[in-house]
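Below are two complexes that have subunit A in common, paired first with subunit B and then with subunit C.
Then we have the complex of A and B:
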């Protein structure tokens, strides 16, 4: 593990946990998860699939809000569109779900590209509300669109190979985390953090704001779409009310805030906590959202940097950090 | 001397509010060009138009032989315009080194290895080298102003824009800033410096422009400009004839 010397007299040196040791830990963890996917019970596979898919989407929401300053309330747009694309390809056109899944992802990425032309004219709250409005508009449209079964939704034909879907979800999650890590440690990533802190000042030192935002928004759209496609293949039925539900993004916000916004591993910790709570609170269905809301408020009040963010600050370490040190 | 920047009959503002009004001036290569004027006369707006944060509704801005009137801010930065802000705007979550590295990588187009060298040079020039790993949000006002200059230098600018870097500083700190500007001039930078501290302008600039109501009221030798009746009237007000 690399120990970066910090010359500040007020700050302790930050220990960056990365490189080979983290790679080995990561490989062991993935290997254990692969074994669990194959030998676990169907309930274990269901929980793991949810962990992998929510983790993928939360990492992407964190990339948008925590590293780029684009707080989207409309990631459900990509979940819904990809879920329906996959359902149409499989049920209406008789394709395999893999083809439907890839087509759904591609449509998500193209949709993100098109929406960016409108959305990037807005910032802050206006951007957030506009993303939500687009999702709501799509929900209304799909509710009255006969081709996709109107409000009755669609059932994805055939029985899903849930082991394979769970494995694909794990691969998607790993690719998402690795991609974000390399993105943040690239030239673009250096500009993203600057942009999050002050977009105008970043622009005046040469950061191409539009291009950086576009790259992140399209990547987030693609991965949320791919996660959505797998989710609806696993569960088999998609309705406009569920596919385009704001609750998707609310869950992502919860995960990222309790895990630690703007940290690489925060969404992973947040996802595990969220899914564990969700499973535990399933028997108190009327209360679950209230309890989740209360937990979010308590975390914001007492751990404003989230669980991992607070731990990192207190103990002076960072997991998979994108920090640059002068090396002199 | 060759001209590095010219404003020709520029009108610009925010929405429907026009601030710059037929502004015309030019800056020579290698000179320190001072800009003074009462609050609200359009000095910072001129910088915003110059770096591309606002686009003029009329007129032409030419930088280093290129018409940049409608060029984006990040492109202008890469062409060689580096700016500091009146109220420092550090990237607070990043270290001082990272703040300048962003400028060297994105503004000057270096890879991270070469950018680090440029950033460290800029930090040495602005006496921030020993504080390079501190989070920028924890810096004092003087150090924030130094970092603004270091960040602008990180972009390897041909023209450096200083927006009230001496404001709010003690006399001794102002002397430090003046020494730093003299070093930058000696290093070959062309500089436009907006400032309210008049003595600083008289001592440190080669040419001085006084702005009023968004246009160029008077321009010339700093001492002559400061002694002009026009500048006195702008700052002290003109008695109306009865």
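Then we have the complex of A and C:
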């Protein structure tokens, strides 16, 4: 039975949508978005900024969980740390927000490097819970740390140039997607997927697991921090309870599951669905997480490959991917 | 410095820590059963505990009875919810692997959290029975809070009953057999799905007990689940997966960390203990 299935899938050639046509579509899409950033209303800009930032972080979560098997429940660590760095640099030291943003990103990357010392000793659910515990520990620490305003949080001084922040968010998102594409198409990417499918086998054929995992974890930390910094410049106020909220990772998990875990473009589709749902559900406050949770459970039960993953399997195509990257 | 340390590491604090240990053990024991037997990371356990706390609060208010008596209703209720949940939903997802199952429990936790927020409002709650403030005096100026002693007894009785169930009854043996070797157990005629459903029911019943204890000891909100999930997980990690004596030791370590850390750093101290433990000995003290 299994053999027959394999044969039937082999007979259907998989078309990989990539290369020049995809590049042209991508450039047109980005150009349209740039125009929208400049001409759109303030509400459009707010929604677009959210789309860009969530898309960046979701792509990174997908890189961690979907391609390297490191399911992190603690990406809010980097969001919170970068948001606070932004607030401290701008409000306490009077720097420009660009400096605060870069400092936040740098701290995020260094923090990822330091945390990897502890986290990489664990696998699977231990890793997942440990990342969450670290975020919760930071939340508790920041709640009683006078330098960052304790439980009252901090306000980022000055009025943000929101068009500029939105544009930076778009650039960040594009850079993140391009970076992940090239990373996965490199030798490291091949090693990563081999590692996700069987860490011991990959290790025995000479894949340097530690280095590959470290590169991904630090990149994910850096980009989540950069996204977090921009988010808190855009919105102005950060609290320990919001910056280190598990809600951040809840959203990322939802986006990636809905879009299709382990697919290149899944998080992009997922982000658009998530932000649309979020805007729509804002009218029914209190119900949004219930509905999101139900959708997530239904998708896991009936469409385990997500929207894009299911479409790709049914219609035999893959976006921006090589055959070897799809999870069997 | 020495004086500060002397103020923290007092005999009184040690007594409180040990008494709290029972509460943390019963918090972790439901989690350890699900880990050890169903091989599932149940991220909704904290919400189950808070659900238990709300049920006990509402029932004791409605019937005007002592909160402890509400266990007669909440334990069977939560047991049934757990069995239904496992047989209808989680058994099905577990066929797809451990990661989808983990994410489903994550989905359950956010659903439950917001459902409780809608049903019970965001207000802080606490059960205050008449004996909540009384103390038993000991020689040397020490004292034992009556409430903490009662909670320790409830926790220990729960864990004892659970141990006896797993050791002495047919269903208990079937569950332990399933946890050791699924194939061998099913060849011997154990229904794996039923064993899992009963295990989840038991875990939910212990969550009902833990919820009662949490609701009598501290104020709680619909959003408190995450905090208790992490503590339950900490107990499991320190004690070792699926080990009930381990849960007792883990609970004790957490109780002491909580008390010695004080009001502002108790939680942080618990988290730091947990992270160190995860890094140094992730399989726990009592793993097989």
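The rule we apply is simple: the second predicted complex is superposed on the first by the 310 of 328 C-alpha atoms of A that agree within 3 Å, B and C clash if a C-alpha of one lies under 4 Å from a C-alpha of the other, contacts with A are read in each partner's own complex, and residues count from 1 in each chain.
Methods note: a contact is a pair of C-beta atoms (placed from the backbone, for glycine too) under 8 Å apart; a residue touches a chain by one contact, two chains touch by 3 or more.
As the structure is a prediction and not an experimental result, all values here were calculated from the model.
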item	value
Partner chain in contact with A:310 - subunit B first, subunit C second, else both or neither	neither
Touching partner for A:202 - first (subunit B), second (subunit C), both, neither	first
Contacts of A:262 with subunit B and subunit C, given as first, second, both or neither	first
Touched partner set for A:194, first subunit B, second subunit C, both or neither	first
First (subunit B), second (subunit C), both or neither touched by A:144	second
Touching partner for A:155 - first (subunit B), second (subunit C), both, neither	neither
Complex interface listing, subunit C residues touching subunit A	41, 89, 92-93, 96, 98-100, 102-104, 106-108, 110-111, 113-115, 117-118, 226-227, 230, 233-234, 237, 264-265, 267-268, 271-272, 274-275, 278-279, 282
Residues of subunit B defined as touching subunit A within the complex	51, 53, 72-74, 77-78, 82-83, 85, 89-95, 97-99, 101-103, 105-109, 111-112, 116, 119-120, 130-135, 138, 151-152, 154-155
Complex contact set, residues of subunit A against subunit C	65, 71, 73, 118, 121-122, 124-126, 128-130, 132-134, 136-137, 140-141, 144, 246, 250, 253, 257, 286-290, 292-294, 296-297, 300-301, 304
List of subunit A residues in touch with subunit B within their complex	4-8, 10-11, 187, 190-191, 193-194, 196-198, 200-209, 262, 323-328
